[in-house]
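The same chain A turns up in both complexes below, where it pairs with chain B and then with chain C.
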Partner chain A sequence: MKTTTIKKYWALLTISWENGLVYRMSVFMWRLRRFLAAVMALTIWSTIYTSAAPEATTFGYAQSDMISYIFLISILQSLVLATALNGLAQDVYSGAISNQLLKPLSLTVYLIMQDLADKLKNASALLFEIIALFLIFKPVVHLPDLPTLGIFIVWTLAAIVLNFCISLLFGSLGFWSPETWAPRFLFYTLLQFTAGQLFPLDVLPTIFQKVMYATPFPYLSFVQTQLFLQKLTLSEIQLHSMVLLGWVAVLAFLAQGIWKRGLRDYDAAGR
Partner chain B sequence: MSKPPIISITNLKKHFKVYKKKPGLWGSIQSLWHREYEVVKAVDGISFDIAEGEIVGFIGMNGAGKTTTLKMLSGLLYPTEGQPSVLGYNPWERKASFQKQFALVMGQKNQLWWDLPAVETFYLNKAIYEIPDEQFEKTLKKLVKLLDVEDIIRIQVRKLSLGQRMKCELIAALLHNPKVLFLDEPTIGLDVVMQKTLRDFIKAYNKEFGATIILTSHYMDDVKELCERAIIIDHGKKIFDGKLQDIIDKYARNKKLSLVFSEPVTKKDLQAFGDLKEFSDDGSHYTATLLVARKKATAVAAQVLSKFPVVDVTIEEPPIEAIIREVFSKEGS
Partner chain C sequence: MHSYTKYWHVWKTIAINALQTTFVNRGSNVFFFIGKALRLAFMLLFLWMLRNTVKTIGGYTSDEMVVFFLVYQFIDTVPQILYRGVYLFSNLVRTGEFDFMLLRPINPLFGALTGKPDINDALFLIPSTALSLWIISQLSLTITTASVALFSILMLNSIILATALHILVLVVGILTTEVDGVIWMYRDVSRMAQFPVSIYFEPLRSLLYFIVPVGIMVTIPAEVLLGKHSLYVVLFSCLFSGGFMFLSLKLWNWSLTKYQSASS
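Moving on, here comes the complex of A and B:
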């Protein structure tokens, strides 16, 4: 890659980051919301276990496992699901993406930089939140062995790409319809339940688990947590690796095709 | 030998399918299972060539297809039919080498980052257009000075006035010294002083860089002052393409005679020479405005001078706005 190209996208990344920090109160409130969601989930599960005997398990999870699980999934979801592309469909519909289409830059890379800047912003706040959660709930998190940690990092990056592709697909709705709120709302409702934010998915009946594993949702953070907590067998790791990468490939291909078609139908409204 | 065209379009069309909603609540309910669509021909078979360095005024009423054409020339819209060529490129392919050579400025939209000072966008554009440091500093300095915005480029864009923002928009669009410039209503909403400043600036830019410019504007002063050539479009079709003077010659039926008298005259006497548009007699000043047929204007002026106590007379073309109205009314009838 040419130096000038790197400079171009670096400039985009820094200006997006700068822009994201303009409204301090908004950044603070958003992080507070994520922090409180984690605190609530951890408090509920701590309370459930308080009344039980120290060695008791609930749905096959001991107290320390469950607290570790909720702790980990909160961190992961802060990294994976927080995205700058929530308003992409609106930007498409209103013609705001014309600015990027007119310039010598890749729209996809531009969106990646926007998303990356948002994640960097969230990650820096997350560091302080992790310390606070650690101090409050004192979770016992056992680091997995190095190869597992390596796979965990790859899976987390894949989940970020997967969520980016899903955001692109939702964004593409703006080419044909101004109403993108309803499908997004449905998606987030499903996501809250199926990505394992409130409880581990393996506490659900087998039939539900099978249905969920047929969707990309558990691959957005649940399987990563299971891997980190060393709850997966080698064959499960192999299977999930294939399915996760499969989802990334399928959704990336789909997003690329739909955007190509969408840009032909794009009417650059309002500009 | 005439210069080869830098912009060339042949039979360019853009049709949109739009949903036609029936009025009222029942119409909304019906639209849940049945929707009617109609095809709107925003641009319907336009052809023209523009040579390097020309400033062309693109004139038309709202919805005539001006902006849609500019969007196709910029590669934002995919044409339904016909292939435009700008600087030898097909704009729709959006090649970086093409995008580095043109700019589109929209009067009512901005490319500046709303919550950051304009200078941040300038530096971002420097990186995006890969402008060498020296060229960037030189151009920025020159543009900032020309538009007199030194004090405002470090203030958040959202806190700037419309005129200040427009000046910064122009700088952001011109930093890479584009060879082709599409200006869509660049002076809209600006006061007359600011309009004049921008017009002077556009003229200077064209002169210095030999840039080819297409300008759309509702203000005829913009077109009159900047463009020798005008293209008029109506309902997606081109109805005139030529020198502005030719529009006047072709469509202006009358000339305006403004008269100042030293003594009172009667309306009735003046009406014998043409269409009396204005008449004023306040006891000390006596003025009148007559519309007379273009071909007879000189003769009529001579007759008026010999018959009345005239102290001053001017013969003017009617305002260009009135001529354009005439063009549209003729095409519409």
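Moving on, here comes the complex of A and C:
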């Protein structure tokens, strides 16, 4: 890649970062909301275990395991699920993306930089939240061995790409319909439970688990957390690696195809 | 009396318009309805699993925990039906359209609060309330006629508190032209009352009782229904709500003097 190209995208990243911090109160509110969601889940599980005998296991999890699980998944979801592309469909429908299409920049790279800046912003705030949650709930988190940690990082990056592809797919709705919020609402409602923030998915009845694993939802943070907590066997790691990469490939292919088709139909309405 | 008739007529017209919009956007509303139903179903599934696994949680039985959630579900939905206009308020302030509300011969607070009734939530409230009542009838609880009567009073009290909180959001909207963060923060904080507020640590617990009083809105009514509180707590809740509403209205009147009518 040429130096000028790198400089161009670096500038794009810094501009997106600065744009993201224009409304600082909104950023603060958003992080506080995520923090409170984590506090709620951690408090509920702490209370459940405090009410039972200290050595008791609930749903097959000991207290320390469950608290570690909720702690880790809250962090992971803050990174993976945070996206700057929530308003993409509206930008498409209103014709606002015409500005980007006219510039000598790849629209995909532009969106990647926007999303990356948003993740960096969330990650920075997350550092303080991790410290606060750690001090309040004192989770016992054991670092996995180096190879597992390596796979965990790869899976997390894959989950970020997966979420990016899903955001692109939702964004593409704007090419054909002004009603873009309702499908997103349904998706995020499903995600709220199926990505495992309030409870781990393996506490669900088997039939529900089978349905969940037929969707990309568990691959957005649940399997990563299970891997970090070393709850997966080697064969499960192999299987989940293939399924995760499969979902990334399928959704990336779909997103690319639909955006190509959408841009063909795009008539910059309202511009 | 004439004034009440006028406001009823205005609200009815706005509600009929919202109903027509709902039927125009049928596809979207089906998605919203399914989403809300799934959210309810998932939470009930979680509580059902807890009920089958754990006997007590923070001093409450698993059945009582279900009641807390169902009371939350009801109290969270009613203000959304009535006060959806609050979510759109910042745009009115930013564009200066709020000027038109100030010029009309109706109270601008009424217009700002009830500007867009959420018909979807109204439609969802019917089956969800019926389901809640059926679930409560199936649980091992001791509910007396007196506790139901006190609970009904506290339900009205909760709606007053929710109204006061929505007025405060409008105040923030006038002062900062931004309500999205605040209203969603309120929604997330109130979500914490899906479980009894007393399980949270201090100072969060006190905050949930007295600053953003979702504890008084949800936890206390549910506890009263379960016969866990005396009449004094009911009286305290009503007095607190009265004070909170008084403060909200004072702040609203003060914020109107700060409205800059920018962009108009």
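Operating definition for what follows: the second predicted complex is superposed on the first by the 271 of 271 C-alpha atoms of A that agree within 3 Å, B and C clash if a C-alpha of one lies under 4 Å from a C-alpha of the other, contacts with A are read in each partner's own complex, and residues count from 1 in each chain.
Assume a contact is a pair of C-beta atoms (placed from the backbone, for glycine too) under 8 Å apart; a residue touches a chain by one contact, two chains touch by 3 or more.
What you are looking at is a predicted structure, and each value in this text was computed from that prediction instead of being measured.
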Inset, instruction - Examine A:L190 and indicate which partner it touches, taking first as chain B and second as chain C; both and neither are also allowed. - result: second
Inset, instruction - Figure out whether A:A252 sits in contact with chain B (first) or chain C (second), or with both, or with neither. - result: neither
Inset, instruction - Based on the superposed arrangement, let me know which partner A:I237 touches: chain B (first), chain C (second), both, or neither? - result: neither
Inset, instruction - Examine A:T58 and indicate which partner it touches, taking first as chain B and second as chain C; both and neither are also allowed. - result: second
Legend entry - Touched partner set for A:L229, first chain B, second chain C, both or neither: neither
Inset, instruction - Please work out whether A:D267 is in contact with chain B alone, chain C alone, both, or neither, and reply first, second, both or neither. - result: first
Inset, instruction - Going by the touch definition up top, name the partner, chain B or chain C, that contacts more of chain A. - result: C
Inset, instruction - Report for A:I15: first if it touches chain B alone, second if chain C alone, otherwise both or neither. - result: first
Legend entry - Touching both chain C and chain B, counted on chain A across the two superposed complexes: 23
Inset, instruction - Show which residues of chain A lie in contact with chain C when the two form their complex. - result: 23, 25-26, 29-30, 32-33, 36-37, 39-40, 43-44, 47-48, 50-52, 58-59, 136, 179, 181-183, 185-186, 189-190, 192-193, 198-199, 203-204, 208
Legend entry - List of chain B residues in touch with chain A within their complex: 16, 67, 71, 74-78, 94, 96-97, 99-100, 103-104, 106, 109, 111, 113, 115-116, 120, 123-130
Legend entry - chain B-touching residues of chain A, taken from the complex the two chains share: 4, 7-8, 10-12, 15, 18-19, 22-23, 95, 98-99, 101-105, 263-268, 270-271
Inset, instruction - Over in the complex, which chain C residues touch chain A? Could you list them? - result: 25, 27-29, 31-32, 34-36, 38-39, 42, 45-46, 49-50, 53-59, 176, 178, 180-182, 184-185, 188-189, 191-192, 194-195, 199-201, 204
